[in-house]
Each structure stands twice: as C-alpha cells, then as structure tokens.
Amino acid sequence: MTTETAGPFGASDSGPTSTGSRTTMILGVVTLVALGVLVLFGLILSPADENQGDAVRIMYVHVPSATLSYVGCFLTAIGSAVFLWRKSRWWDLVAYASAEVAALFTAFTLVTGMLWGRPTWGVFWVWDARLTSEAMLMLLLLGYLAVRGIAADYGVRAKRAAIVGLLLVPNVFIVRQSVQWWRTLHQTPTLSLSGAEIQGLMLFSLFTGFIAITLSFIWMVIHRFRVAWLEEQVDAEGLDTAIAERRAEGVVS
Amino acid sequence: MLHDAWLIARKDLKLEIRSRVALNQVVPFALLVLVLFAFALDPDRGLLEKATPGLYWIAVLFSGLLAMQRSFAVEAADGVTDALRLSGLAPAGIYLGKTLSVAVQLLVLEVLLGVGVAVLYGTSMTGWLLLLATIVVATAAISTAGTLFGVVAAGLRVRETLLPLLLLPVLAPVLIGATRAFEAALSGTPSEGWPWVGLMSVFAAVYVVAGIFGFGPLMEES
Amino acid sequence: MVHLRGAVALLGRFPALAGVDLDVDRRRIVLLRGANGAGKTTLLRALAGLVPISAGEAIVLGVDLRVDHKSVRPRVGLLAHGAGLYDELSVADNVRFWTLAAGAVLADAESAMARLGLDGRLSDVSVGRLSTGQRRRTSLACLIARRPELWLLDEPHAGLDKEGRDVVDELVRDAADAGATIILSSHELDRAIDLADEIVTLGGGVALDDSGAGGDGHVA
Amino acid sequence: MSNSLILAEASGTWPYVAAAWVVVFGGMGAYAFATVVRGRRLSKKVPPEKRRWS
C-alpha cells in the first residue's frame, strides 16, 4: 500500500490491509462530496440571518451533530440490548463503535454550541437546557467508554458495558426531562433562530448539513466497528498455539 | 427471591452493626461535609440558607457513595464472590437485599444529616409530607441505581474510581429533583415539588427492573 | 458423576485447562496431583460451574456444563483457597448465613459447627480474628451444612493441625459412604493417597497418561 | 455585559463560525485518519479470511 492515500477519507480504497471495502470507498467519496456541498452552501451561498448575522452558519454543523450524538447513543443501547439477548458479538461491537463516535459528536455539539453562544449571548456557557443535557450525555458516554476500557476478559467487559449501554436511553430521557424542568423555572434562552422560520437557502443548508454529517457518522461507525472487530481477531488469534504450549508444559514437568 | 433478599439484607445490616464502619466513618464524614460547606459559604450572608437543600443532598450523595463502596467491598473478600455464585441465592434476591441494606443505611444517614442541617444551618422544617416523600423516593432511587452500578464496578481493579464516574452523572436528575422538592417544601410551595417526586419514582422503578434482570449476568465471571 | 473429554477452560486468554479427560463415579474419592500451575484449582472451579468450559465435553452431576454451568452450583461444595467468609461476622453467623442461603435449615448449621468443634466459645468470635486453621474449619462447616452431592476440596489439609486433618479425612470418608463424590487436591501426598480411591496427575492443563484418567489408576 | 455590540457587528462572528467548522471538520478528519491507521496496523496481523469485508 502506498502511504499517500492515507488521507482522512481517501484511505477508504479497498486494499488487502485496511478497514476499507468497495462499499465504504463509495460511501467515503459520497461523504466527501456531501461535505464539500455543505461547505459551499453553509459558508458561501446561504445568507446571513437578520438577527444573528453569520453566527447562524454554526447551526449547519451544530444541529446535525447534536442529533447524531443522540442517534449514536440509541444505536449503542440497541446494540447492547441485542448483545444481551442474543449473545451476539457483532452487536456488541456495533454498540462500542457507535458509542465512541457518539462521544465525538457530543464533543462537537458542545464546542460548537459554546462557539455559537459567545457571539449570541456574550458568554461561552449558559445553563441552557439543551446544552446541559448534551453535557450530561457526554458524561454518560464517558462512563460507558470507561467500562469498555477496563482490563478484563472480553465476556466480563462486554456484559458490564452492555448493561451500562442499555441504561443510556432511560438515563438520557430522565436527564433531559429533569434538566428541562430545572431550567424552565428560569426561562433562559435556547439556541435557536429568534422567531424567524428557517427558509430557503438556510433550510437547504441545514438539510445538507444533516446529510453530510450523517454520512460521515455512518462511515466512521463502520470503520470503527471494523477496527474493533480486528482487535477481537488479534486477541483470539493466539489461542490454538497457547493450548499447544500449555500442553507442552505438562510433558516437561 | 424475596426470601433471599431478606437473608442478604439481614446479613449486611448485621455486619454493619457489628463492624460499626458506617457509624464510625461514614456518619462523621457526612457531618464533616456539612461543616466544610459552612466554611466555604459564609453562614452570615444567607448563602448557606439558600443553598441548604442542595448541600444536604450533595452530602447524602457523597457519603452514600462511601456506603455503597463499602457494601461491595464486603462481598469482594477472598472467596466470597465465588461462594455467593455457588450459594444458590437468586441474583435478583441478592440485588434487592443489597439495595434494601443500602437504603436503610442511607435513611439513617439522611435523618442524622437532617438533624445536622437543622442545628448547624438553622433550617426550619416545613412541608413535612413532601420532605418525607422526597426522602423515601430519593433514597429508593439512589440505592437502586447505586447497587446496580456497584456490581458493574465490583471486582475490578479500578472500582473505586469507576463507580463515581458511572453513578454520579446518572444520579444527577435525582440530585436536581430532591433539591427542588426540598426547596419547594421549605419555601411553603409544595405543589412545585410533587412532579419531582414522580420523576424520581420513575427513575427508581426503571432501576429496580434493570437490577432484577441485570444482576445475574453481571455477577458472572468477574 | 463427572465426565470430561478434552475439556478446555480459559482464564482470560490463558488455557488453564488444555483438554482434560476425567471420569469419576459416584462415591469415589479422587486425588488430583500435579505441580503448582498444573491446573488443579481451575479444574475444581470448572467442575463447580465457576469457570466456563469453552471446548470439549463436560458433564457433571448429569448436567452438561457447556449448555448450563449454573444449575450444578447449588449441588456442589467447593472448599477453595479463599475462605468465602465475612470477616466481620461471627463464626456462627457465617455458617448460618451460608446454610440458609443454600436452602438448608438452621439445625444443619448447628450440627456442622459441632462436627468441626466450632460450637461453644468460638462460635461468637468474628471470623477476622480466627487463625488460619479455624477459618478452614469454618469454611468446611459451611460446606457440609450444604449437603453437597459433589465435594471439591482444594488443598483441604493446608493450614490444619494433625487433629484437623484427621477430621477432614473422616468427613470425606463419611461423605463418600453417604453417597457423595469427592475430588480433592493435596500436597499432603502420604495422607491423601491413603484417603483416595484413584489418583489423577495433572500437568500442563491436561490429565497425564500414567495417571489412568479413565478410572484404572486404583491405589487403595 | 455590553455584548450586544458584538451582536450587531456581523463581521465579529466570523472567527467563531470558522472555529466551529474547523473543530467539526478537523475532528472528523482526525478521527477518521486515526481509525484508518489503526485498522491498517491491525489488518496486517489478521488473515484475510477473517476480514469479511475485504
């Protein structure tokens, strides 16, 4: 393999030694095109908002990131549930991959939210219900990933992670509900366009954002899944030799 | 299952009464936290008074965390985990029993902290019905979730650091709810507090179900 | 009672059992022998349903461990290296708790304690204050109160004085007479060989040939 | 706070917009790159028949 193809997305060309395949290569190219279109519409062609000015352009990456952070979280819960039900390693790894990518998108949501908040409210952080929920989602996902990272047998780790992953969904609902009640007492602003409907090119840009970011999410989950799969295979690889070596101990002694 | 739960709860409580770790270490820690809050927030400016419900529940949460760590440290002794697996006790029963014993310890802690707050912070108690309901429901929520995540972390080398990371974000809604409900009760507007009691009940119910079904798989191969 | 063919058990990635063959009939007393790390402890734990069998055949008390490794658990008694006792509870509390947990009645706990000389003054002492030998006796009392069909004893003689070892041997013989099956490992070979009907030598996670794992290695 | 000035001044928001887009695109790029590199390194250790997608 030549190394110069290993760009961020270019590396999805299917070689014998990569996580890429024909399908993901096509997906990667489509994703790159979508991201290009998003840049074109989001940063250049769409107009500035009457109230918010150019800050509205943050919305085109912020809102899709937020949505996908929740999608990833639900995917993790589904993967965990199917793993517990069917003992399917495949679904366990789906849960793992989507949790990690979801954490990445949660981080994007938080950072872009703060960068949107500064010009809009004058401060990076306000205890806005949605931003606070997102921060709690980040902490919950970090907890899940901490369980994934423990040094223990596959079975122990996967089972414990699956219980934590399954509980992500009720936790997210309860956290969102409580944070919402907590904040509505004080009527703080929420990141949104003040009253105005999102129309025309702005709506189209947001739509493009959803498509491009969703495609990126899918691409990342697939590749992260394959990396996790390979890690499993590498771990399992030595078993036959290990049994042979173990038996040899007895002959010597 | 309930018979097993009772057996485990009785064993745990007997053990706590005999060892006095909860009494000699957890309770002083909780009172210490109350005193430290008073140092941090100048008691003369009314800050302490306003923050009392939140401080109370933070103190419950952190000292409760110690009680939960302890509840699983007891089962981690040499060979006990294996003995529990071999015992034939239903995992759901073990879960309910440990939850019950943690809940009883938390209730004792909450009463003592309540007395501490009343004496040290000069809080006057009103809205008794809501206060009691909040304590019961919040205790159920903390102990059901704490016991489930306790076993997730049990038997691992990183358990002391993992449990707070897993548990505290999950308990954040309970902290918010219990604090707001207490504020509502103390400020004489109990109707604002009851929705929070409902939310915490839902929380506790979710975790009881998750614990009953999840405890068995979690006890294996740790 | 016990039938293993090519049984493999993994501790993490390490094959502690690398294809064990073992057959034990009812009422037999079998001694497992072998160097440290030969797989004795893992074999006993696997037979108790604590370590899953990942390859081969494994049938214990009529239960296929590869299908269901949990239902044998209440029917076996495992005396492991770890005492399996709560240090802060008294001897009597410990024995009573594990007896009730196994579904037996309190009278079983009392008679088990009497059998091991734990009634009287010792019964109210916290387990944390006991000597190694006294803890061992307490663990044994918990085991016999459960009335297991299969006894798995990991180094039952270790840490006991001569009198205690005699008690162990007597308990084992009585249990075999009463219909139980016993598999034990021991470094007290003189004593254990007298006790055992069969000897199986483990090495490198397998039963070695000269031990006659098929049941023809009779000694006594 | 007198930040309402910033609200009015449209050009003042561009650095925030740029930073947000750089974070998202840069973050996705870096994650994708790291994943692909990890995948290639691991792939060398695994026989092709166990990589079902190849």
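Letters A, B, C and D mark the chains as written, and numbering starts fresh at 1 in each.
Note that a residue touches a chain if its C-beta (ideal position, glycine included) is under 8 Å from a C-beta of that chain, and two chains touch if they have at least 3 such contacts.
Note that the coordinates shown come from a computational prediction; the quantities given were computed from them, not determined experimentally.
Among the chains, the centre nearest to the mean of all shown protein C-alpha atoms is found for B.
Centre-to-centre separation of chain C and chain D, using mean CA positions: 57 Å. Annotation: 40 Å between the Cα-based centres of chain B and chain D. If each chain is reduced to the centroid of its CA atoms, chain A and chain D end up 11 Å from each other.
Among all residues of chain A, those that touch two or more other chains are 153.
Shared interface positions of chain B, i.e. residues touching 2 or more other chains, are given as 221.
Residue positions of chain D in touch with at least two other chains are not found. Pairs of chains meeting the touch criterion: A-B, A-C, A-D, B-C. Here chain C touches chain B in the complex through residues 45, 48-50, 52, 73-74, 76, 78, 80-90, 93, 97-98, 100-103, 126, 139, 142, going by the rule given at the top.
In the complex of the two chains, the chain A residues touching chain B come out as 84, 136, 139-140, 142-143, 146-147, 150-153, 155-156, 159-160, 163-164, 166-167, 170-171, 174-175, 177-179, 181-182. For chain C in complex with chain A, the touching residues are 8, 10, 12-16, 18-19, 35, 37-38, 202-206, 208.
Across the complex, chain B meets chain A through its residues 148-149, 152, 156-158, 162, 165-166, 169-170, 172-173, 176-177, 180, 195-196, 199, 202-203, 206, 210, 214, 217-218, 220-222. Partner chain D is touched in their complex by these residues of chain A: 1, 6-9, 11-12, 14, 16-21, 23-24, 35, 39, 42-43, 48, 51-55, 57-58, 61-62, 65, 101, 104, 107-108, 111-112, 115-116, 118-123, 213, 216, 219-220, 223-224, 226-227, 230-231, 233-234, 237.
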